[in-house]
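Structures for review follow.
The following pair of complexes shares a single chain, chain A, combined with chain B in the former and chain C in the latter.
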Partner chain A sequence: MSEEDQQVPPTEEDVKGDNTPINVKVVSSSGEEVFFKIKRSTPLRKLLGAYANKVGKQEHTIRFLYDGARVAQTDTPKSLEMEDNDTIDVMVEQVGGYSP
Partner chain B sequence: MLQRFENHGRRAWLNEHRQNIVNKNLCSEADQTYAILGKLPWNSPQFGFDDCKPIHTLWRTLGTSWMNTSVIDAALEVINVKADVRFDLTSQTLIGHSDIITKLMFFFGGNIEKPKEYTSCDWLNNIRREVFQRGKRLLTIAHLGKLPAWKGKTKGADHWVPVGVDGSDLTFLYGDSMCGQKTPVMPPALFKAFTTWKSYHTSAEFTMAPIEITQQTDNTSCGPCALNAINCLAFPELDELAKPEDIACVRLRTLYNIISHVIDMADNTGISTASEASELTNWDDEDDESQESFKTYLHT
Partner chain C sequence: MCELHFCSSTSEENALNVCPDRTVRRLQSIMKLMRLHRQKSWKVNLPNISIRSFETIGTGRWLDDEVINYFVTKWCSKSQTALGLNTFFACKFLFEGSSCISANSVEHLTSEHESRVQKWCLAAKKAQNLSSWESVFIPINESNSHWYSACINFRLQRVEIYDSLREVYLKSRENPVPLRKNTKTMLVLMWLTEILGRMRGEEVWLRNNPYTTWQFDPHAKVPFQSNNFDCGVHTLWHPNMSLSWECLDFGGDMSGKRLRLAQEMLEDTQHGRLNIPVPPSSGKIQLYSSAPSRSQSRRRTRNQTPHSFTTTGNDSDAAALSRRRRRQRGEASTANAGGYESKKISEDDETKQDDGKDSEDTS
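Showing the complex of A and B:
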């Protein structure tokens, strides 16, 4: 299990108005946790990219799940009404057909 | 681009079925799918779905591609929407996405249970209330890739199967498109996850019940077989199990239904989808990285 505070690069919107950062816990399907501090208006695709980079995976092989729903590229903590210390689940994109 | 497309054979596959003079049903499904593909730009977002991925990411519905989580979940979501408009079904059945099983496996499928983490997972607790308190039937599709000891093997298989938990009939539901005439046997880890999950919320005894499913005759069709089985279970009066030779129809119908839902959602929200129609030849160019990883996947 790894626990680190990571800072996602701020966008232009971050400097405008009230955009207090929140802490987000990203949990892999095997339970490993990585902590990020992210502005409320930052698109979660950036967090996905930062997380993928951190764990050495390609972005298209994973996806985020928040409160049981898949996260869209354009979603932000604000649009999802996320709160401080909320958890995002990481799901691995699976393929299957059956191979004996 | 065209050459790459031909390599993957999706256009050829679709055109082949459009010209099928023997199987009229298949020909009709192919024509309808071809027509609806022309109504959307190939990179249009999937309106109405949580992640709004571009339409072209659905390429795994066609040809003989293995289906991935995105396709399976999009198709399950469409089934759920179909069920939502019928009160008799929504009061009894809950169609969930495949991540439900992944999370249950994480919480309860391993050697060490994780009750604390489970308790804090609100969305899964909402589902368990529906199933174990309100007696609903949860239907979804599980990926057996991470489940060991399936059919006596030590390594998991890349296989989609329909599963369910019926809080009314007190049954665990399981189907397998590769079990032949035998009764399907739920992998031990999945069974453990279900029984442990159940034991947290009820002391009632649950029994196993098989899900009827078409037996696949190739090594690519477990995804469509599982989707067809869930559809038939949810809407027994509307859908029937496909014959193995008609699995292509299931693939075409799956794609048609997803795109049809996207168009409906776009219409409802006033979003125009008529900018540039899909060029089917573009379907080879999308998701190249996934394509690569898929090829790698097949060869490892």
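Showing the complex of A and C:
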């Protein structure tokens, strides 16, 4: 179980509004946790990019879910009304056709 | 209750399978066109659906989670009676680990799990814009290689697991109940049903209750897949059975179903909820490899959203496009359906357009 603080690079949007950073825990299906600090107006796709980079996976194979709802490209912690120390579930691409 | 059907009628589905070769060719030409679009960075502009996911609908491909989730959400929303959970629910709550091989022991599930299950269900309900539901559909991905599903039906008081693999069905039926593949999964589904019952305001007591009126079938009889790639398509058609409560005959060739999925997704791309740029049209691929009847086709074109879409082999060519449109206007046979030009062209024409030389981008 790895536990690290990752800083998502700030963007221009960070300047606007209530922008105090919050801590977000990204939990994989196997229970591994990675902690990020992210400003409330930063799009979560940046977090996804940072996470993919961190775990060495391609972005398009990773799905973020917040309370079971898929996190959209444009969602931010603010738009999802996320609170400090909230958890994002990360799942990976699934395919299926046949089980030998 | 036919209104519970997620999809269009079985006769339409069967029509697609009358000439499977032609259906497969249609599907292949769609995928070919999409590959060309991909090179030009044109995207299927639907939530979470990339060209990469779309291409998994092609003949012989394994469907991915995005396609399954897209149609489960869409069709459940349309049904207004079924709550469709996403493909990650099962591995999050019902099984140990993401491979969905070994079901969770109910003893290890806590009230914390219950509150998270409720949140996930509420998220699905919100996404599908449901005011209430009477059944819950759960797609399951096993070891990143196989799709099957479970359905909990409160109206009929039944919990069933559907698997399109003949071997699994036959082998499990031979075994005594404790040794059947899905017996442990059924136990955790009972736990889930009790939680869902509480969400509906009903007292449902299933575990250790020999007097329950509910029925359980961990290996319900469903059509079997005839190949090693169609389980995802079968899984998408399982809710039809669980809701209408009849064993639909959709086994064998699933190319018609795949073509339908591709067509529906492309229609959603063009007419959909999002503000989607319509690719300049020139080519049309018909949904029906073999139309049920001429009068039916005419009626459809006149009255409804056509079950057809317009797309092009070369959408990047504004000059050629306007030339083509001028040419089309000059032809008496041009039809205009749903606001899109739906000039019917032969497959030879598609090939010619694919080879277009112009390079000006319109998108």
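Assume the second predicted complex is superposed on the first by the 98 of 100 C-alpha atoms of A that agree within 3 Å, B and C clash if a C-alpha of one lies under 4 Å from a C-alpha of the other, contacts with A are read in each partner's own complex, and residues count from 1 in each chain.
Going forward, contacts are C-beta pairs under 8 Å (C-beta built on N, C-alpha and C of every residue); 3 or more make two chains touch, one makes a residue touch a chain.
Given the structure is predicted, the values throughout are model-derived calculations rather than measurements.
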Using the superposition on chain A, tell me whether chain B and chain C clash or fit. clash
Looking at the overlay, does A:97 come into contact with chain B only (first), chain C only (second), both, or neither? both
Could you tell me if A:29 is touching chain B, chain C, both of them or neither one (first, second, both, neither)? both
Between chain B (first) and chain C (second), which, if any, makes contact with A:74: first, second, both or neither? first
Looking at A:58, would you say it contacts chain B, chain C, both, or neither? Reply first, second, both or neither. first
Report the partner of chain A that touches more of its residues: chain B or chain C. B
A:89 in the overlay: touching chain B, chain C, both, or neither? Say first, second, both or neither. both
Overlapping contact positions on chain A, where the chain C interface meets the chain B interface: 29-30, 60, 63, 65, 67-70, 72, 89, 91-100
Quick one: which bits of chain A touch chain B in the complex? Just the residue numbers, please. 29-31, 58, 60-61, 63, 65, 67-74, 87, 89, 91-100
Contact set on chain B toward chain A in their complex: 49-52, 60, 65-70, 73, 97-99, 102-103, 106, 114, 117, 120, 122-124, 126-127, 143-145, 157-160, 177-178, 216, 219-223, 287, 289-290, 293-294, 297-298
Residues on chain C engaged by chain A in the complex (per definition of touch): 47-48, 50, 52, 56, 61-65, 69, 86-89, 91-92, 97-98, 116, 119-124, 126-127, 141-147, 165, 168, 225, 227-232, 235
Within the complex, which stretch of chain A touches chain C? 29-30, 60, 63, 65, 67-70, 72, 89, 91-100
